[in-house]
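Okay, got some structures for you below.
Heads up, the next two complexes both have chain A, just with different partners, chain B and then chain C.
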Partner chain A sequence: MVIRDINLALIIALTALLLLVPLTGDRFYIYITSLFMIYSLFALSYNLLFGYAGLLSFGHAMFFAVGAYTTALFTLKVLRDPLAGLVVGVLSSIPVALVVGFLTLRHTRVYFAILTLAFGMLVYALLVKWRSVTGGTDGLIGIPKRGVVIDISSPTAYYLFILTFFTITTIGLYLFIKSRWGLLVRALGANEDRLPFTGRSPLFIRLYTFLVSGLTASLSGSLYAIFMGVVTPDIAYWTFSAEPLVMTLLGGASYYLGPVLGAFTFIILTTILARYAEYWLLLLGLAVIAIVIGFRGGLGGMLVSTFYTVRERSGVWIRWRYSRLKI
Partner chain B sequence: MEILKVENLSKSFDEFKAVDGVSFSLRELEITALIGPNGAGKTTLVNLITKKLKPDTGRIIFRGVDITKLSPHSVTRLGIVRTFQVVSLFPTLTVYENLKVAALASGTSTKEIEGIMSDLRLEKFKDTRVAQLPFGLQKLVELGIALALKPKLLILDEPAAGLTYEDRKSLIRMLKDMGRRITLMVIEHDMEVVFGLADRIIVMNKGKIIADGKPEEISSNKLVREIYLGEG
Partner chain C sequence: MDLNAFLVQFIIGLYKGSFYWLLAVGLTLIFGVTRIINFAHAAFFVTGGYLMYTFYSYTGSFILSLVLSSIATGLLGALSEVILIRRVYRLEPIYQLLLTFGIALVVNELQKILWGKFPKYLSIPDYLKGYISTGGVNISYYSLTIIILGFLVFLSVYAIINMSLWGLRVRAVWRDRTMAQILRINPHAVYTSTFFLGTALAGLGGSLMIALHPVGPGLGDHLIIYAFIVVVITGLGNIVGAYITSLLIGVVSSLATWLLPEVDVLIVYSIAALVLLVRPEGLFGER
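Let's turn to the complex of A and B:
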């Protein structure tokens, strides 16, 4: 079988590469790559709203937090099983997406951004104040990796658990964007005002995009809870909503895998800078500004333009038999 | 048979009456041109019919259904389709994808989309993003979207604007042919297009209809010549 779709080919190649990580046996690599996959899913879910549907959200962390806390509460109080906790955590985002979406999606642009920020902070306040359930600022600890259905307590097992969901979701989201439903999402982002005159309600498209995005973000939150074993309200704070935006801008919002590249860069930058520099946040900010201003289309855009420049200058015409990278 | 009936339609923007008590009806498979000087209220009238704007007063009946309070997408699904004065497409999508977005609402098949692209000579641009196309081709894509929606009434807002002489000629031929299957309403400034195409002409000025009739009646109408053609 020959895969002609460049994005699918890249996802499969990335999965193959990620499968090699546990072979190193290095816990740090396993830890950092697991975090990369979780953040990638979070950033991909964000880019569905931002890059494809043209909706700038400042409250996306609410889905991450709802997924993480529901998984934590379910596994600690109902059934000690990470898989069951994950399923419940993901499903918990449905009512949140529908209610918040219904109340915010009639508005667009800055109004939508501010409303999502408000709802995000509402979730944060709830997590901090409702101590008896959420543990307040201490959060919830002891989220199990070993359960009645599955046991992912070893680093390799939880790594493969995360990788499985990472691959399935990355392919699933891509197929969604390529589907007729995804075409309407891309049309919404391209020219929202035109959609009603092609017989489509923009509100309905926004709502199902918000739902799919929320489901994916809560999946990343649930995986995070299981992976870390602890959840605190920080993951609902508005600054955490800005992280997938930064990752998306770093990697390139107009490329499907841009957010994945952005998440990788973000994690590398934060890990290296935090280790060696005192004012690492300042350096991170400068690095983000340099990449966003310096490379149109983020690092994804830079890689693509480098490919074309090399091809042109080398005089070697590489036959391109793949689909377009940009979708 | 009557396809559209507009009754006493009005729309004001603050003190300015853009459309002022307009009433008319369109007959099925008739090509009607809506003309008038700039600011006459033509585009506002189209915006009211296609629900881009809400009227202050009046009713719009389409094929016996009162559509006055419907949303733009519902009206489009009923069969009133429009193009825009300033080309309005999905710039990051390809030509095929632009037509496909429309086809998803109307049930137009892939084969039919390919047929539309072939009729408009857009096949070789099928996979090109429309933002990369020249203006004339973008106009054709706009028409392609409209056709993919399987319109019963197609309202074209200045379809010939910005086109070359040859393109205008070919547009007239295309629209004449289209007029045998679809009721057309064309807003146009180009009198060559208007008189070469229309079975009936409605003339607007200052938000009101000042003349309505066959092209020969309009061309000899003294008031029209005074107001619109600038003859004293």
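Let's turn to the complex of A and C:
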């Protein structure tokens, strides 16, 4: 079987590469790569709204936090098992996505951005104030990795656990974007005014996009809770919602794998910069300004244009057997 | 319910609301004229507080530093428009929002570098330290000053927009930019001066706040949410509405803190959600 789809080919290649990481046996590499996969999922879910549906959300951390806290509460109070906690955590985003989506999705652009910001902060306020359940600013600790059904307490085991979900979700989201449903989402992002001519309701399309995006974000939140063993309200604060946005922009919002590239760069940058530079947020801000003014295609766009330049300059024309990178 | 305690909370609400107003007025003006939501606005508010601290330590005069820091903050806002924001007017709103978000990050971090990580605080000048006591209710001169100043700012902004020649130009650009250009109004001059006025008022707010509440990193992140809520409830681009809503939110949040301390923050958000559900265009917005 030959895979002609460049994005699928890249995902498979990436999975193969990620499978090699535990072989190094270095805990730091395993830790960083696990974090990279979790952030990638978060950024991918974000880009579904931002890059494809054209909705700028400033409250995406709400799904991440709801997933993480539900997983934490379920494993601590009901059933001590990471897998069951994960499933419940992911499902918990459905009511949130439907309620918040119904209230906010009638608005677009700037209004949507402000509204999601307000709802995100509402979740944050709830997590801080409802001390008896959420532990307030201290958060919840002791989320188990060893459970009744599965045991992922060794670093390699939880790495593979995360990798499984990473690969399945990345492929699943890609197939969603490529499907007829995804086509409608892309149509909505491309031209909001003409979409009603297809006879479909923009609100309905936005709602299911919001739902799929929310499910993925809460999956990354649940994985994060199990991975860290601790959840604190910081993951619901609005500045945390800005992180997937920065990752998406860094990698390139118009490429499916842009957010993954962005998450990789973001993790590398923040790990290195935070060690050496006290004021790394300054550099982050400068990067955002530079991207908006200079390279709105992000790193993905730069790589692709470099590829074309090299191909043109070198005169070597290898036949491109794959589909286009951009969908 | 204790009437005196109620009155005290009401006054606290009014001056809290006056701060929200000083922040929301610039946001509203800038959005009305340039169609840009300025995420960096609260960062400039905080900058105003820090500048006040510095000017006060050099000049020793409260009023002089107040004026200087407002003007300096306004100039910084105008500078951000001339250097950066001007480049993105033609882009999609998403990128405009992102740019101002980037500016907010940079301004916040520069503040930490210049003024350190610990909050700064000034004491209230002696001539504003007293209280008025009426029927067991103490109202400090300073909170009264803030409420009156907020009202004066409201009156003058209203007058400038509706009565001056500059205000006429602003309203022209606000309504129809192309038509205004045909009438030889330079929109860039209007944009830059709007940014100056809006950020100068935010700077004034920050400068007044530092004598009541320590100004430090993270304050801007918190305030911008309230300013956005005011703007959302009002409906973007209505000065009178923004003033009323600011005071309303101030009073409601301080009464909520007093009566229901467990859920005070939630109440403000719930009101915002409710208003949007019933009137998506905002209380004072026009469809």
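We take it that the second predicted complex is superposed on the first by the 318 of 327 C-alpha atoms of A that agree within 3 Å, B and C clash if a C-alpha of one lies under 4 Å from a C-alpha of the other, contacts with A are read in each partner's own complex, and residues count from 1 in each chain.
To be clear about the criterion, a residue touches a chain if its C-beta (ideal position, glycine included) is under 8 Å from a C-beta of that chain, and two chains touch if they have at least 3 such contacts.
Every value quoted in this text rests on a predicted model; they were computed, and no experiment measured them.
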| item | value |
| --- | --- |
| Superposed partners chain B and chain C on chain A - clash or fit | fit |
| Touched partner set for A:239, first chain B, second chain C, both or neither | second |
| Touched partner set for A:314, first chain B, second chain C, both or neither | neither |
| Vertex chain A angle, Cα centres of chain C and chain B, expressed to the nearest 10 degrees | 80 |
| Which partner reaches more residues of chain A (counting touched residues only), chain B or chain C | C |
| Partner chain in contact with A:288 - chain B first, chain C second, else both or neither | second |
| First (chain B), second (chain C), both or neither touched by A:113 | second |
| First, second, both or neither for A:103, with chain B first and chain C second | second |
| Partner chain(s) touched by A:249 [first = chain B, second = chain C, both, neither] | second |
| Chain B versus chain C as contact partner of A:122, first or second or both or neither | second |
| Which superposed partner A:132 touches (first chain B, second chain C, both, neither) | neither |
| After superposition on chain A, the shortest CA separation from chain B to chain C (Å) | 13 |
| Chain B/chain C common contact set on chain A | none |
| Contact set on chain A toward chain C in their complex | 50, 54, 56, 103, 106-107, 109-111, 113-115, 117-119, 121-122, 125-126, 128-129, 237-239, 242, 245, 249, 279, 281-282, 284-289, 291-293, 296 |
| Touching residues on chain C, where the partner in the complex is chain A | 37, 84, 87-88, 91, 93-95, 97-99, 101-106, 108-110, 112-113, 221, 225, 228-229, 231-232, 236, 262-263, 265-266, 269-270, 272-273, 276-277, 280 |
| Of all residues in chain B, those that touch chain A in their complex | 50-52, 71-73, 76-77, 81-82, 84, 88-93, 97, 100-102, 104-106, 145, 149 |
| Chain B contact footprint on chain A (complex, rising order) | 180, 183-184, 186-187, 189-191, 193-201, 254 |
